[in-house]
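To start, I am sharing the structure in question, which I have written as structure tokens.
A, B, C and D are the chain letters, set down in written order, and residue numbers restart from 1 in every chain.
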């Protein structure tokens, strides 16, 4: 099978790389945190000493990094990976970054004849471990077909969002809606309970009615309504509030770039920043419920 | 079958009463608009000259009125229906009104030994015509059982939300979430399209992802994404923006009563009022999409 | 001088009544809290046992109560004061209440030939003690002229806002602007300081520039910028956050009544409610600064 | 007097350069729009063919450009002005740009021994023509003293905001407060008038009370309240809504950089973007009043 480099072994990257290993892909892996590299080396990956080392001989490069500046730093410039990779290499860039930043990396790859996809994910660390991530992919359809078997080893739903950068745009749109409806659900739960309703009853009514949304299906923010939701486990696990704040920030950058007005999305970002000020950034993003109760 | 009075034959009340007639209930009907009364009289109802006339001999009274003040005016006071109805009568009050107002009417009914339910609906004029409304019911469980056959003639989902007024609370909670997620969806659609995505593709990605919600399932606000949605028919039909503004206003009254903070719900109300200022109050509430496009 | 009844001797009413006493007005005073009555009795007022007792022989009635329901309860109905007062009496109603409520009391007074003013104040307990309150007055100009000497004994600026209820409208408009600009100032102070500016320098630049407003002149929310501001005294004294929340609630009621969209005012209310949830309702309203710092 | 280069002769730069000419400074000027260069050449300036030509022999360089990217393009890089200017040159950068961008240019200047100030202005085209601009200056105090005579030829208030970038931070803080209080004032004017108050009466009450702010003093958004305000001249003149949207965008970038929550500032940006969608970006920013009236 295809020699693959995997760069960025954080909370998401490590389980994603592990699923590729399990599917039989030969991986050479790198992260600045040596222990993550060692963990995967113990499971069959080859440890690399640097990103440049990792891509040696690779036909496919996959990366999962924290933010735009890391991605640009890795790929662009005279020392960047794009300057070192042979034409024809497939690059699957899975980080959640600004669409503009993704387009910059796409343009550089295109110039060098490298086939690149922006392929941010949703589904959190649980989805990464279970191999059930959703990929929202930007780039050429034929490049996506080339990448599909590897994506399928890490995820379940694979959407072709459109051309270069479209994966990132779809991701920020989706996560902005998610944040807003999480807050809206939290507001409604607090208001209903304060006015005498049982939380589980209200949750069920809204879930089955026109207020229904993903948070009511899978992720109710009121403790005890859903046994396995982060809210019922002290808002632990799941998707950290500070990461939601990051994604909402990317959404605002995207809206600024195109001149869009997004009052709900903007307010969601501000409310998440209030939560971060209260020291709750490391808790699951459904902890926004606590803003609305005493 | 049970002799029933139906008071309030507007866009919702008329098709609801018609479904009761079709189910075989003997109805005596009243509305200030004589033509609505005549329409139903032509379909088998008995026309009443006044609300007081309508309730004569009735074992059940159903009402569907525009706002709190009409409901209080109909039932309360020395001339109100509660002062005229015999103990034991069943009253199904279906208007969407302030929970506080509903509790006031409940209290007066309880004093007189009258079994009352607050039973606001969702599902719009389409659901009223098709007999597929959702009822959110506040009051005693045994009273709900007594009313259930008649509710089932008009609707599909019947929820017992809790004690007196709980139906109204559930309704405003649900509709507040609905309004917020409609606006959030409209913002995201506009932002995604402005950044190069196909509307139908973006809509489908979000629908299947964590941004999924009822508006993406049934009621996409972007013209052309869903053939039968109001957005694809010039924002006609459906649920008028001015009625959504009314419900959001009731939600804010409810939040004020309990001291709840609902930033998203409050902002939704203000945005709908901007729409109303633009003369779009009579269009379907998904017309909020137009705030975000040129 | 004119025999006067003063009803409502809370944090505002007591010092207002004291200033009338000092100006030589013969006062008969009532409050549900007996100790407040006794305090003023010790300073020359006549203690009354009830509101009805207080108005006996009064040519002028002044009231200062917490909310709409107290005012309506005092004046309206068969047992209300308006039913007992002789035509020609002057009533100066100083409570901050809903304009609609004020208009209801005005209408009842007019029917009975009683000259009534809605005359809410601003200036806080400091202004009440110092006799420097601002009165915003609704009602007939000639009635205001009749009341002016007494108002002048309690305040400094006396504005004729317009007809019945206009005093209340002016008050809620003013206080909504005040709340919004307090929050805007607090946001800017926090942002500027986080980006390296000295608080006093930033405050002074904005004060002298187009960002200038009353809070920057008199009431900076950043501790230490103004020696005598509540912010420099642990947010004590001044105007309690929960009273600002009450006034913002009245503003929203007023906006709902007329169908106005006030996004900033609505958001201000929601942010104050978040503060109240955090247990800060009894602190000065500039404590909103703490939402924006860690 | 000091040989000076002035680069950027738009609506603001041209009248600023003219005031320096009138004060006797020998100017060599450049703009991409040749007619602007010719205008000033006709008034005594020397026309330059390029920015590089303009700075030849200059002891002082002043620039006034539209946005961060223009400023970075002018000064940075191998072809940028900083690479060409001798150590000891004074650069007064008057554009309104992101603080981060200003700090980047400062750092490059410092490395080369060039004395640079970020010195954004407020006061609009009127203030630029009259020489009454406000300068908010970031950089070393002694550099400011060196620049002061030239700043004084163009403006009236000169504030030392703090170290590198502080001028830009002060500017975005100030303009964010300005935008929010403009909208708050517009909301209150619309609400008061809809509830029966005379616009001029309400404006005057708030101006003298705790709602007082710069917009009520100088720039009332309700047509007819202030004869010389843009609102009374069809919202022409003044400061364009699209420029306010730009400044609010810079404020949000600044807040993102430091992780600040600014709900009012964020909402103000979104409301201005709604206005821009309505085609009102070229009108004075007080045109936001029209959002709130029919």
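To be clear about the criterion, a residue touches a chain if its C-beta (ideal position, glycine included) is under 8 Å from a C-beta of that chain, and two chains touch if they have at least 3 such contacts.
In UniProt terms, the chains line up like this: A, B, C, D = 3-hydroxyisobutyrate dehydrogenase.
The model shown is predicted, which means the values in this text are computed figures rather than measured ones.
Chemist: Where are there more C-beta contacts: A-D or A-C?
Modeler: Of A-D and A-C, it is A-D that has more C-beta pairs in contact.
Chemist: Could you pull out the chain whose C-alpha mean position is farthest off from that of chain D?
Modeler: B
Chemist: When the centre of a chain is set as the mean of its C-alpha atoms, what distance in Å lies between chain A and chain C?
Modeler: Averaging C-alpha atoms per chain gives centres 51 Å apart.
Chemist: If you average the Cα atoms of chain A and of chain D to get two centres, how far apart are those centres in Å?
Modeler: Inter-chain centre distance comes to 39 Å.
Chemist: Name the residues of chain A that each touch 2 or more other chains.
Modeler: 259-263, 267, 271, 274, 277, 291-292
Chemist: Quick one: which bits of chain C touch chain D in the complex? Just the residue numbers, please.
Modeler: 99, 122, 134, 136, 157, 159-163, 165-166, 169-170, 172-178, 180-181, 183-185, 187-192, 194-198, 201-202, 204-206, 208-214, 217-219, 251, 254-255, 257-265, 267-268, 271, 291-292
Chemist: In their shared complex, at which residues does chain C touch chain B?
Modeler: Residues of chain C touching chain B: 249, 252, 256, 259-263, 266-267, 269-271, 273-274, 276-277.
Chemist: Contact residues on chain A for chain C in the complex?
Modeler: Per the touch definition, chain A meets chain C at residues 263, 267, 274, 277, 279, 291-294.
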